[in-house]
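One structure, as structure tokens, below. Some questions next.
Naming follows writing order (A, B, C and D), and every chain is counted from residue 1.
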Amino acid sequence: MTNRIWGFIKSVLLIELLIGLSVTLRNQFRPHTTVEYPRETPNLKPRFRGIPRLRKNPETGEDLCVGCLLCEKACPDDCIKVVPEKRPDGKGKQAAKFIINYERCCFCGLCVDPCPTKPLTAIYMSHDFELASESRTKFYYPMNNLYEGAQIKEYSR
Amino acid sequence: MTVNEPASTLDTDIMEVNMGPQHPSTHGVLRLKLKIDGETVVGCEPIIGYLHRGTEKLCESLSYPMVEPITDRLDYVCAMSENLGYMGAVEKLCGISVPERADFVRVIMVELNRIASHLLWLGTHALDIGAMTVFLYCFREREMILDLFEEFCGARLTYNAFRIGGLLEDLPPGWTGRCRQFLKVYPACQKEYEDLLTKNRIWLKRTKGIGVISGEEAVEIGLTGPSLRGSGVGYDVRKAHPYSVYKRFEFDVPTGENGDTYDRYLVRMEEMRQSLRIIEQALDTLPEGPIRAKVPNWLKPLKGEVYHSVESPRGEQGFYIVSDGTDKPYRMRFRGPSFANLQALPQLCVGHLVADVVALIGTLDIVLGDVDR
Amino acid sequence: MDTELLLKVAVSAGKVMTVLLVLSGSVAYLVLLERKVIAFMQSRLGPRRVGPSGLLQPIADGLKLFLKEDLVPAKADKWVFTLAPVVVIIPAFAAFAVVPFSGESFDVFGLTITPWITDINIGVLYILGISSLGVFGIIMAGWASNSKYPLLGSLRSAAQLISYEVPLGLSIIGVLMIAGTASMVGIVEAQRETGWWFFVPQFVGLFIFFVSGMAETNRAPFDLPEAETELVAGFHTEYSGMKFSFFFLAEYANMILVGCVATTLFMGGWMRPFPSVEALAWLNFLDFVHPFWSGFFWFAAKLFLVIFAFLWIRATFPRYRYDQLMHLGWKVLLPLSIVNVLVTAVVMLLMNSGSSA
Amino acid sequence: MNEETKGGAPPAGGEGEKPAPRPAPRARTGGLSEEELTKEVPSRVVERLKSSFPDAIEEVTYFAGNPIVVVKTDRLIEVMSFLKNDADLYMRQLADLCGADYPDRPQRFELIYQPNSIRHGHRITLKIRIAEGEEAPSLTGVWKSANWFEREAYDMLGIRFKGHPNLTRILLSDDWVGHPLRKEYPTEGRPEDHMLLRDPGFRPPDIMTGDLPFKP
């Protein structure tokens, strides 16, 4: 009985509504969580998977890619095309053409798994993610551009 | 649907209203043909398929590892569960046993993802009913989980986090500490949502007694997951058919009593707490060791077929794989929990008001990527 | 022609223009305030891009709405469709004619300019009457759009406005009984005389007025007519451009109106807190400019409080369902307001008989 | 990631790879051997089915610990009702229903059912086989949940169900031609064609021939 009376009093005094109001009021004075994206760059974690890019050996500057076509085979979207050729020094192969179709890429990272140039893989998931472009042709890259990071950012203002 | 003619001398008509496919509260591209009499729903026909991408067909031309990114995109809200289910199915098909540490990490990820998914559900469900602040609080906490995921696998939504036979990479250094930090912070956040909703009289009015379905009927129509457990049937794939290492953790399967929207809400809220419990246990007993069994990259399973299901946040996520002995699945079938759950919507809707339809879509927690596949 | 009359007309027209302009501006900035307040409550930042921390956002919004293409659906009734926003916005602004924004008058060139457009002895009734005209516009909008969601929205809205008009009116009666006048200025003066602002004896009245006011202005948790998640945008689903902005302005103007009425009737209008306590006279610190400004300051501060409560509630609560809203209106608020009137009457009777005896 | 490719079955994790006498495509899994995978496991459901419907069962196989029972098409509803209502089995839920296409078999389609007992935790895979043009019995009378699953099977494979209340396409649009999950249905179309329709000036760069708008 006392419980029911107490419950009635509570419901007349709108206790639970006031508790709710206090939650929103408290949050008004907490720090905000917004990341003002183009002004602030988001804090990307080391393993972030952006668009796949190619990488040169940082010490010698040689191409790391050995033209083994494993990434091409592993890609579920068929977005990689590699044309291998003999290296000028005759030892092994390198990629004559390496084309990634960013229109199709799904950022899954499966191309990186089988890359045989361990520990530094020739193809890697870069931190670039700003892909928007006005033209479809921009999504096909000359191989040189695959080496450079943060290229695609095109918007202004 | 039979339509009862209202006993009135006025000439009244049943109005057909199209809800969706572009509508603020259909959680994607769901279209509902509602027949309404005034504001009372007398008939409801879901029309789906706007997001059909033919994944089952697509999988027939992909090798086994390549399917994983596709499973990410089925139920994109809980891609970890999808990943785990698919990995489990393939590992069952091949008879691969996964190293313990990998299994533990997988369980941690999946349970974190369950919390994230329930948070998204809570946010959108509350938003549908009109409480818009909960939505943003939920997303604030969900961001923390997504940050953890980003750190682990590099993606925030389509994780592609596991590999057949284990994991691609081990947990990054310091990850467990940050995860524990989250576990410490989170309960207070959940209390905030409960303060805003659980006892709020408007929330109670909007959810209690709405969309009641009995346990028997719920089983019959194929409901699984929290939607089923809200009706008092304690069926959880994690308990009934334990997969991965769920046998080793202690957790309860919360059930409701009345089978209404409010009970389903309570069940999901409790499930988040249980997930926290599982994660805590897994972090405490996380073994050292290898993270990946020796599995060839070019997998060729034996001829055979398996059905493997996991408890995704939405229900029983089944994977049926037919292998013909080549490196590509002969037939891949995704049993989406949302697809089966959505089937119950017409039954739930009839007799309620238009405003309740959005609450009911929310309470079934459908993800259209999962419905349409 | 009588020059005095001409002068009077000119002064009135000037006041009307001032109120219109200030009101339009404050409506625009009320939208910004709402977005900012709710954003902070949701641990966001709100609009930040236009001007310093988003201060020019209303201007950008207004410009956008002004320049936007004005669509009329092919099967809509064009005349009624165009007329509806006008019918909604005119009463919303007209109701401000009797709101006293401050207590002190200006003296300019020997003319006394009162800080209200007019003070009629049925001010409260005038506001009630005028503000309930807006519902016609809403019904017209829903019907003329020839679309299902607007129709449902307008029906809901009509039912809601009519039901809540009754408790709204009854909740004010207590105040009128104590004050003994229906003039807005008179009510404020009555509050000075009694020494109590009327929210003390009439807290139930204030509560009912506040809730019904929220329902009248279609604010959350009673925003059913435009319940975004159910009816997309309710009666103005098919509207765009300027016509839409008329609805928008009217909604926010109505919100300010409810705030103004609550301030005037229950919270002592332009008076500073504890107007009879001389020690607090420094609270009218704007007196050094002109007493008008300190009155206006306190009026605005109280208005802000009411409106902040509106926003706060919107950020917190879920939305009622249509039938529950009707239930609340007819079965809870209406009896409560009648009881409030009765109790007020009985108490007044007792006190009067006590004082006369 | 691990050892790959260079011929030969890799040494297996755990159980060890089985050596030779196996038909054509060599399985490379690194997991259990064929014997272990196809090992018979005791199953209460199969026992009960065998004792109750000895003539309705065509074939029982096992894979990865799960019994797969092939039932005669005309006895399906009988068997399913038994599974659902028998107190000992009580499989009240039909978890999944899907079809598979085997064009080279005389009975081209397989319908695969996954009934599920929530009370006892039983699970079994049940199958029927039907030829093209043949109608499968609809289970909508037994389980309500079969409704959409059967519509999906009809949509994807063109299997017609006898007695289904509303056998229309569910995922694809009503005017769709063909049934995508049949093996003869092409997986890939030509999305470029649509691009051409939209923008006649656009020439899709062909990635395979290196016909690109720049020199790679």
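The definition used in the following text is that a contact is a pair of C-beta atoms (placed from the backbone, for glycine too) under 8 Å apart; a residue touches a chain by one contact, two chains touch by 3 or more.
As the structure is a prediction and not an experimental result, all values here were calculated from the model.
When chain centres are defined as mean Cα coordinates, C lies farthest from chain A.
Taking the mean of all protein C-alpha atoms as the reference point, the chain centroid lying nearest to it belongs to B. Looking at B-D and A-B side by side, the one with more C-beta contacts is B-D.
Centroids of chain A and chain D (each the mean of its C-alpha atoms) stand 34 Å apart. Spacing of chain A relative to chain B, judged by their CA centroids, is 24 angstrom.
Spacing of chain C relative to chain D, judged by their CA centroids, is 64 angstrom. Multi-chain contact residues of chain D (touching two or more other chains): 1, 4. Counting only residues that touch two or more partner chains, chain A has 17, 20, 23-24, 27, 33, 113-114.
The set of chain B residues that touch two or more partner chains comprises 133, 137, 140, 163, 168, 196-197, 200, 297. Within the complex, the chain B residues that touch chain A are 62, 65-70, 72, 133, 137, 140, 143, 147, 150-155, 158, 160, 163, 168-169, 172, 192, 195-197, 199-201, 297.
Residue ranges of chain C in contact with chain A, taken from their complex: 37, 40-45, 48, 312-313, 315-317. Considering their complex, residues 17, 20-21, 23-25, 27-28, 30-34, 36 of chain A touch chain C.
Here chain B touches chain D in the complex through residues 48-49, 52, 54, 56-58, 60-61, 91-97, 163, 165, 168, 216, 219-222, 224, 233, 235, 240-241, 292-302, 304-307, 309, 316, 318, 320, 322, 325-326, 330-331, 333, 335, 339-340, 342-343, 372-373, going by the rule given at the top.
Chain D meets chain B in the complex at residues 1-5, 10-15, 23-34, 36-38, 63-64, 66, 68, 92-96, 98, 100-101, 112, 114, 118, 121, 123, 125, 143-145, 147-149, 152, 156, 169-173, 180-181, 185, 187-188.
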